[in-house]
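Structures are listed in the sections that come next.
In the two assemblies presented below, chain A is common to both, partnered first by chain B and then by chain C.
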Partner chain A sequence: MTLADLAHPRQDYSYGFLDAFARRELRRRILKAIAIPGYQVPYASRELPIARGWGTGGLQATLSVVGPQDVVKVIDQGADDSVNAANLRRFIARMTGVETTTDTTKATIIQSRHRIPEERMDKGQLLVLQVPDPEPLRHVQPDSSQAREMHADADYAQMWLSLYEQLVRFGRFMQGASYPVIVNGRYLMSPSPIPRWDTPALHQSAHLTILSAGREKRLYAVPPYTDVRPIEFSDVFFQVEDQAGRVCTLTGAGQKYMDELPQPSGESRFRISDTGYVEKLLKMAQGESTKIGPTYYDDAGQFWMPGVIK
Partner chain B sequence: MTVPVMNPADTRQHATFTALMWALSYPGRATRLPVAGPDALTLIGETLVDLETSFFTPDAMLTARLSHTGGRSLPADSASYQFYPRLSRSDLDLLASAPVGTHVAPDLGATIVIGCALGWDTRLRLRGPGIAGTREILIAGLPDAFWSLRAATARAPLGWDIFLVTDNAVLGLPRTTAVEVLSWPM
Partner chain C sequence: MLRPYGIRYDMTPTYFDPPRLTADRPLLTAWGLRKTYGRVTAVSGVDLEVYPGETLGIVGESGSGKSTVLRMLNLEEPANAGDYRLNLAAYAGENLLGLDRYRRRELRVTQIGIVYQQPHMGLRMRVSSGGNVAERLIMAGERSFATLRTAARDSLAESEFPLDRLDDPPRLLSGGMQQRVQLAKAIAMRPALLLLDEPTTGLDVSIQALVLDTLLRLRRERRIATVVVSHDLGVIRTLADRVLVMRGGQVVEHGLADQVLDDPQHPYTQQLVHAKL
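Take a look at the complex of A and B:
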């Protein structure tokens, strides 16, 4: 027997890149975040081989949770093939050896920048959202210590005021992506810059959502089956982006969240933003067998859970 | 470059953390730990506790085991992670002093790991985030006063996050879960 037989094989990196302390700290924070839905748990965001602001928060959450049995999907604005998504996916795979996929229904962990897939996520799936700005109160209170006190007091009056001001000035709520939500009737939360279209998907969802901001060093979560309500008035309701009349040039489908492609003529064409879903629709059109899961919005544009969008 | 592989400690801790994460996400639904019996508490300690945090346990043997993690052994009124292999009535006084966090930092509330048994004795109805509607569970081996103590202490967002461990199963009870003690018969 030699010393080499007794030692672990030499590795250039720890499993999942992060060292044991970083991983343990993130795991502790993730558990606290799940226990206090919507509360921003501070954490020591570690250095990664990508720059802060490019998804390091989401990446650290994914790397601390992922195991060899997982199947990982990474999307950026709905696309599996964008530079950011491709690089993150390759890095995760290289550091963990996990299987990767573009299929929402097959993935156990979906790391996403700014979209929730069109197909409904199910029990036991984990959605990791990359968050650039975790503080929903920043527009009304730039001092983060003050904002923390406001969260402690559940003092969100200024948010309602800004909502009212939008209504008076512009006749509608102007906030597009990152539409603030109240989680479990307690904490105001930024759902990361997902479009309003995706916000209802967090309400009473079967899956777990972890939101992580690497640059801002905050991590928060929405457990499954938790109330997530966009802020709205009792007589003026939150609305999702109207996709009516938009038809995907690739698939001919409608009533999904579309990317707008401006044309030289000044007109616009549209394409479904969720490329994994497009891939499946195209396969089906070509007669190949594929399994499309139920979607959040049906072909008439109705959200699957009645009463969520008023 | 070869893909890194998990060493045995990574594998154990990953399986334990995954069990804890899903147990807390779906309160009242048991998830499986990689080991059973008293080792399960040690393993949870090894997964969560290190020199950046602190622990408390009234059990001398477990104190010795948990001290290998590098965590500081602190009294019950200040330790972040607390382990009770068996929760007796006298332990409740210790438990009552466990930190519940502050309104500015509710995450400073303690995580409590308790050994118990599942499937008989006290019937509980759970409600809250992670539970679609309500869920009923049967728990044994905990003093009755534990539930009134928890109800008096856990005022979300303040409170303790509890893991109930039995054999190789773990059940999560975050502070947001409302627990109703039901009477027999069913």
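Take a look at the complex of A and C:
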């Protein structure tokens, strides 16, 4: 018997890359964030082998909660196969040994940048959104300590003032992605730069959502079955992007969030942005067996939960 | 209390209302207001009362503490000591200097309007004029765009702002128009108390006269209690019913406007009035 036999087998990294202390800290922050829906909890953002701004916030949240039994899906702008998504997925799999998938319904943890999948997420699933800028008040109040006071007072009048200004100047709300929402009737929250199309998916959702900004060192959460209301006037309503008339060139489907593909001729073609969903539609078209879950929007473009989009 | 004024020939007594100032309770009562900045005492022991529909003028040289008094009345500056009450149902019997920040904000939004000398202190220079006025209503919880729009328009019309410039931001407006936007913003919530901090200083004489006209009309139409701070005795004479003369953080003389300005008793007031003339 040698000393080497008695020692623990050599490990380069602890499970999930983060050390136990970091993971415990993050989990505590996540619990606090869940306890105060929409409240931005500061945390000590760790160094990771990817650069800040490439999803380090989301990655830390994922790594701190992931376990060997989890199934992980990583999306970047709806695509499972973009460099960023592939990198993060490979890193998570290597550090934790989890199974990965592109199927929304099979995943237990979905880390995403800029999109929520078209298929409805269910209870028990976790959505981790990578956030570049957690502060929804940034453009009305550049001073972040002032902004924190405004959050403490729930003093969000300036957001409605900026909506008023947009209506006066442009006749409609101009915010595209990252449309500010009020969570649980209390905190104003920036839902990371998801398009307006995805914002209603957070309202009374069965799944837990964790939003984490690695560079800004803040995370916040939307617990399951929590009210998430986009800011709007009582007589001028929040609208999602109009997808009418857009047909996916790959699947022929419509009324899903589309990527626009400009053509040399000057026209545009469209493709469903959620590649995992496209994959399933194509499989089904070829007669292979696949199970497509219920989607947030039906084929007529109606949101599944009535009364959310007015 | 009603007193029989006289007995008419049919032997029924005739009753008259007592004079308003003896029947009304003052809207604003403040006493012992005190404010120090480190070792400098800006205001020491100022008492004042303003009745509904009355205008109180505060005059004094620069540094006399008159603007500090106004900022304390607007609850934007914490006082070191003193008692400040408004005779309003929601705040009855409460020293407003001790309000928590939530109720302080609520009070400031719904019951107090202020016009500053510098428009940029009271306005968002890059937001449309209508938006500036609407902000008051948004802060009070109004969430209907149509209501905000009409309320902003009405309020600006009332302060005689040219409505074709409704959507222009104040940075593109003249000084007189900026003051009118401030005024519209101040009266948008129909406050009980209006505070004017040198409202016409920096305007040329003709525009100044027009703005003063608007202020006088508003005072006539709505019974707002007003406190106006100015070093310009002309403005005070035009607007104020009563006058406080301040010097070195203290009130040196007070009385009816005509009385103080025409027959000043305190040497400093005499100096002030003569300097004007």
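As a convention for this text, the second predicted complex is superposed on the first by the 303 of 310 C-alpha atoms of A that agree within 3 Å, B and C clash if a C-alpha of one lies under 4 Å from a C-alpha of the other, contacts with A are read in each partner's own complex, and residues count from 1 in each chain.
Convention: a residue touches a chain if its C-beta (ideal position, glycine included) is under 8 Å from a C-beta of that chain, and two chains touch if they have at least 3 such contacts.
Predicted model, so just to flag it, every value in this text is computed and none were measured.
When both complexes are overlaid on chain A, the residue A:157 reaches chain C alone and has no touch with chain B. Note on chain A: of its two partners chain C and chain B, the one contacting more of its residues is B.
By the touch criterion stated above, A:169 is placed in contact with chain C alone, chain B being left untouched. In the superposition on chain A, A:142 makes contact with neither chain B nor chain C.
In the superposition on chain A, contact of A:94 is made with chain B only, not with chain C. Of the two partner chains placed by the overlay, neither chain B nor chain C lies in contact with A:49. By the touch criterion defined above, A:32 reaches chain B but does not reach chain C. Contacts of A:68 after superposition on the shared chain: chain B is touched, whereas chain C is not.
Across the superposed pair, chain B and chain C both touch chain A at residues 153.
Listing the residues of chain A that touch chain B in their complex gives 8-9, 11-17, 20-21, 24-25, 27-37, 39, 41-42, 65, 67-68, 93-97, 123-124, 148-149, 151-153, 184, 186-187, 204, 206, 208, 223-227. For chain C in complex with chain A, the touching residues are 101-102, 105, 124, 127-128, 130-131, 134-135, 138-139, 143-146, 148, 167. Within the complex formed with chain A, the residues of chain B that make contact are 1-7, 9-10, 13-15, 17-18, 20-22, 24-26, 47-48, 50, 52-53, 102-104, 106-107, 109, 111, 129-132, 156-157, 161, 174-176. On the chain A side of its complex with chain C, the touching residues are 153, 155, 157-158, 160-161, 164-165, 167-169, 233-236.
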